[in-house]
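You will see two complexes here that share chain A, one where it goes with chain B and one where it goes with chain C.
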Partner chain A sequence: MAEVSIRDVTKSYGTTKVLHGVSFDVADGEFVALVGPSGCGKSTLLRMIAGLEEISSGTVSIAGRVVNDVEPKQRDIAMVFQNYALYPHMSVRDNMGFSLHLRGASKAEIAAAVSKAAEILGLTPYLDRTPKQLSGGQRQRVAMGRAIVRQPAVFLFDEPLSNLDAALRVQMRAEIRALHERLGSTSIFVTHDQVEAMTMADRIVVMRAGRLEQAGPPLELYDRPANAFVAGFIGSPAMNFLEAVAEGGQVRLASGQVLEVASAATGAVLYGIRPEHLELTNPDAPGAIVGQVGIVESTGTAMFVAMQAGALTLHAVFTDRPNIKRGDQIGLMPKPGLVHLFDAKTGLRLS
Partner chain B sequence: MSRRFKHLPGQVGLCLGVALLVLWSVGPVYWSFVTSITPPNALVSDNLHFWPQTTTWEHYAKLFGATSTSQGNEVASVWPQFSRAFANSLITSLAATALVVIIAAFGAWAFVRLEFPGRNVLFVLVVATLAIPAYTVMIPLYRLMISMGLIDTYTGVTLIYVSAFLPLALWLMRSVYQAMPLSLEEAAWLDGASKLRAFVQIVLPLAGPGLVACGILTFLSAWGQFMVPLVFSPTLATKPLTVLIPEFVTRNYVDYGLMNAAGIIAILPPMLLVLFLNRYLVSGLMAGAGK
Partner chain C sequence: MTLRIRPPRLGRLRLGRDARLGLALALPVALIMGGLVFLPLLSTLFDSLFRVEPMKPGSPFVGVRNYTNLLKDSTVNAAWITTAIYVALAVFIETVGGLAAALLLNRIKIGRRWLLAIVVLPWCLPPVVNAIIWMWIYNPSYGLLNGLLLSAGIIDTPQVWFNNRETGLLLVSVVHAWRMMPLTVIILLAALQSIPAELYEAARLDGATGWQRLRKITLPLIAPGLAIALSQSTVFAVNLFDEAWILNGASLDTRSVIIQVYVLAFQNMKFSSGMALSVLTMVISLAVSMIYVLRVYRETRFE
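Presenting the complex of A and B:
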């Protein structure tokens, strides 16, 4: 059990800087997700916490101790790799017991720890198999088992679910979360999938291009994104952004339409509204954005509608299956209080 | 043409090619064996037979016997020479193989996983020595060996073999390690292993097939060496079979039967080695490491 503290951490490969000073803290027992698009530096940062990458500047501390120059094996961390990295020539039992064996634990201790972890993960019948005799999900569990047997201070997960099929991913998501609640250990989870981050984490750290964009609880990021990038990254389908000019509690869209907003902002803004915060109305309702229905996709629980309003495309989600089809003229009404305004230049949240 | 015969020309060609290859590689061995069991007078007859009309083990008896006859006269047995050369061949080949496999196992890993200046230049230089013909270094090497007192010693011959066969083994092992995911080693480090321990307990077992291939290649090359021992092993102290057997040619008489009997015996160790190690040349050891 330990807290992790990242202070002004940078990483350069030669002259290329991939991390530009990232700082955040992970409290003891907290489950933090690091999300961002590919190449944002989240995996590099995780590997720096693990000790697999040099830290160019700044400090990483685990349990109050700066570990910049501490070997990975002395950091008391366990990591689940994206490709699992199971030892293919060892049985599941030996894979899971390897770390304890290296620490000089007795045979009885190892056997007890392995069988306990195997029980938690449902691996008991497979202990004598080798990894190649296991399915993808079982291998994933062995990778988890290898991490939990020795009860490390911190768990690191490097996109562990990205190799699983959709159904298994949802199941493992719940299992990892349940495991975290059971063990109460500090966990840092890297993913590019914002749904994984939203559903699993106590707190999300959003990164882009080597910089921290926003850190906070999932719903805070959803409700009050600090900038347009976070607003667009968190939430699926992504938020609609309309270019507009704000003045005196109103915004004027590029199409000339004027919408009321609860903000005193002025100047060029991005008017953001999530697809699920658009209500279907008659085309002639006052304040509605009017357009023609384009693509309609239905998943059963929800209906995804793309509406063409001149040069603009607005995406909306309905759960009540309205009777609309391609080519229909409809109006979309932003729900009051759920509009986000961002500075058009800096992308920062206004109001 | 029906579908069944559509691929006929290709199959006939394939069979023909395989037959040619088999004939090419097994033919000389067969002929050597047949010669070794043909009576001496039949060997020089005008009519060639693919299978001798009468067979004899006299050449083998001559090779293993305590005494020996040649053209009706009792002569000294060749067994002491033969057994000595056989042992020499085994010792130098096995020593070279062991050294090459051990050095390649560690050296290639260093070339792949350790960061040091000039790593790639150094590797290219080592591999480039493969392109240098042995003949061009023979004379300087001879002077070097004399000055170090290594002529006609196991150490000298083994060292030459190692320097000759190590580059190929390094090259092979480097690609074996390159194909191995770094995350396996990283996982071992995080599990608490030192770099050396991760290498020995995780990487080496998985590199087994590559090491076996290196071993086979080196042993076969060393066993078949002729030029090097011809120059550096002048006496029976280190002379191998490849150099001894041609010496069965005397001024008046070429003992074909004896030479081929000795040749057949000389084929056995590499054959047994390959048969024995072949089962470790399995692929797919890495299966299960990842997704």
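Presenting the complex of A and C:
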């Protein structure tokens, strides 16, 4: 078991810089999700931790040891790849035992480790099959089995669920999390899916364009996003952003409407409110944003409503199934205290 | 113009439009293969059962006597051994060299197309031209090989390479391998490129050294390509003719089976013996390549 420490890590391919100095720590036994849109450098960073990519500058330490120049196999890590990367010519058993075999472990030792891992993952009936005879979810489990057989200090996951269908993804999410608790190892999980990050991780590291935007527990990122990017990235459906000018505890929207805010900020701001923090009111209620109902989508548990207010589109989520339909005139009232203000220019949070 | 729809004729074999198109498209290949491969093959097989010799009157049926005579002929048996040595040497050089070249090319990311074009050149040369170039290299008085070895101090005096049977066999095999290796390189390179890079990354994380990655990942996964490369190089080596003929003529030291066929049929004018020997050669090269393809194929169908 080990902690991982990333210090000012950069990565350049020739003159193209893809990571601009990223620092964060992963505590021993912690489950950290690296999340961000594609191309943000999260997978590159994971591969640098694994030792599959050179580190241009900065340091990566595992268990207090700088591993910049340490071979991948000596870093005491295991990685689960997006496409599983199972050896197609080997049985499930040999796939899982390969690392021990290379290490020169005895046959009995390998058999014991493999059967234990297979039992944990429910793979015992499939040990003699080849990967192509397995379903996507089973292959994913074999990939995890290959990782846990080695009993590494750190698990690295590179978008391991993105090739699975939605139902299986939810199931594997829980399984990976349960496996993490059971093994107590440190895990770093790369995903572009913020729901995966929110549900699985102890702590989320949000990245964009090679920079770290914010790191913290899921709910902290949800409740107090450090900037407009994190605010928009975390949470689904995404936060509404309204351009506004703040002055003396009020903001004036582009439409001319004035809303009360608990902030002394002044100047151009982004007024952010999550869809689930908008309350349905009468159009004539004071302080409500008024508009016409556009698209209404219902999932049974929730109702997603897009309201058109002049040039603005506001998204709202209701769980109490209000009786509204397309074309209705409604008012949406931001719940007090759940409004986020960001600097219009820098995107930083104004608290 | 009117469009008439013909009612289907009952009671006859009816082919759909697709099937007829398919037959039409397959016809040229069927005709070419049938006319240029199978027909001559059958007529050779048939004629090899008769005595066909322009120097003797008539062509009586002799059964398998042409074949049994070949088995007793010590020159033919020597040619078989020579060909076996060619096959062993050429297949070894082509496979090991071809694999090394393919692995190297697979690593090169920039300008691979151009390198590949250069690598393929020897294969594009007519075999005779290739052999003549090498004849100059091996020339006892002004050849490059003597020149290089002399200046490197490995030999003291120019060598007449084909005076020695072993050296001669090796040199002929080298020339043949030089010409045929590009095909092996291309087959193996294609196989290598179909291996996902992630497998090597996974193997590195699993702790495999470069040698272990080659043995446990690369070789098993390119086995089907390797089988094809092995069979084609074996078949071509069994049929080796041009190189040995141009470099050393009909010399018994370097006489392959196909040269023996030529000598039997067109110098000794025993057509039917030549045909019988060529039938045997074909059977053997087919058998050898079947072994590779069947064995390796059975063991390595994953995807």
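To be clear about the criterion, the second predicted complex is superposed on the first by the 351 of 351 C-alpha atoms of A that agree within 3 Å, B and C clash if a C-alpha of one lies under 4 Å from a C-alpha of the other, contacts with A are read in each partner's own complex, and residues count from 1 in each chain.
Just so it is clear, contacts are C-beta pairs under 8 Å (C-beta built on N, C-alpha and C of every residue); 3 or more make two chains touch, one makes a residue touch a chain.
All of these numbers come straight from a predicted model, not from anything done at the bench.
Undergrad: Using the overlay on chain A, decide if chain B and chain C clash or can fit next to each other.
TA: After superposition on chain A, which the two structures share, chain B runs into chain C.
Undergrad: Under the stated touch criterion, which partner chain does A:I324 make contact with: chain B (first), chain C (second), both, or neither?
TA: neither
Undergrad: Touch check for A:N83: first (chain B), second (chain C), both, or neither?
TA: So A:N83 meets both chain B and chain C here.
Undergrad: Looking at the overlay, what does A:S99 touch: chain B (first), chain C (second), both, or neither?
TA: After superposing on A, A:S99 lies in contact with both chain B and chain C.
Undergrad: Would you check which partner chain A:N163 touches, where first means chain B only, second means chain C only, and both and neither mean what they say?
TA: The first partner, chain B, only.
Undergrad: Check the residue A:A50 against both partner chains and state whether it touches chain B (first), chain C (second), both, or neither.
TA: both
Undergrad: With the two complexes superposed on chain A, say which partner A:K73 touches: chain B (first), chain C (second), both, or neither.
TA: both
Undergrad: Touching A:R139 in the superposition: chain B (first), chain C (second), both, neither?
TA: A:R139 sits against chain B, while chain C stays out of touch.
Undergrad: Using the superposition described at the top, determine whether chain B or chain C touches more residues of chain A.
TA: B
Undergrad: Do any residues of chain A touch both chain B and chain C, and if so, which are they?
TA: 50-52, 71-73, 77-79, 81, 83, 85-89, 98-99, 102-103, 130, 132, 146
Undergrad: Spell out the part of chain A that touches chain B in their complex, as residue ranges.
TA: 50-52, 71-73, 77-79, 81-89, 98-99, 102-103, 130-134, 136, 139, 146, 163
Undergrad: Which of the residues in chain B come into contact with chain A in the complex?
TA: The touching residues are 181, 183-184, 186-194, 197, 202, 205-206, 284-291.
Undergrad: Going by the contact rule at the top, pick out the chain C residues touching chain A in the complex.
TA: 196, 198-199, 201-208, 212, 216-217, 220-221, 300, 302-303
Undergrad: Mind pulling up the chain A residues that touch chain C in the complex?
TA: 50-52, 71-73, 77-79, 81, 83, 85-89, 98-99, 102-103, 130, 132, 146, 150
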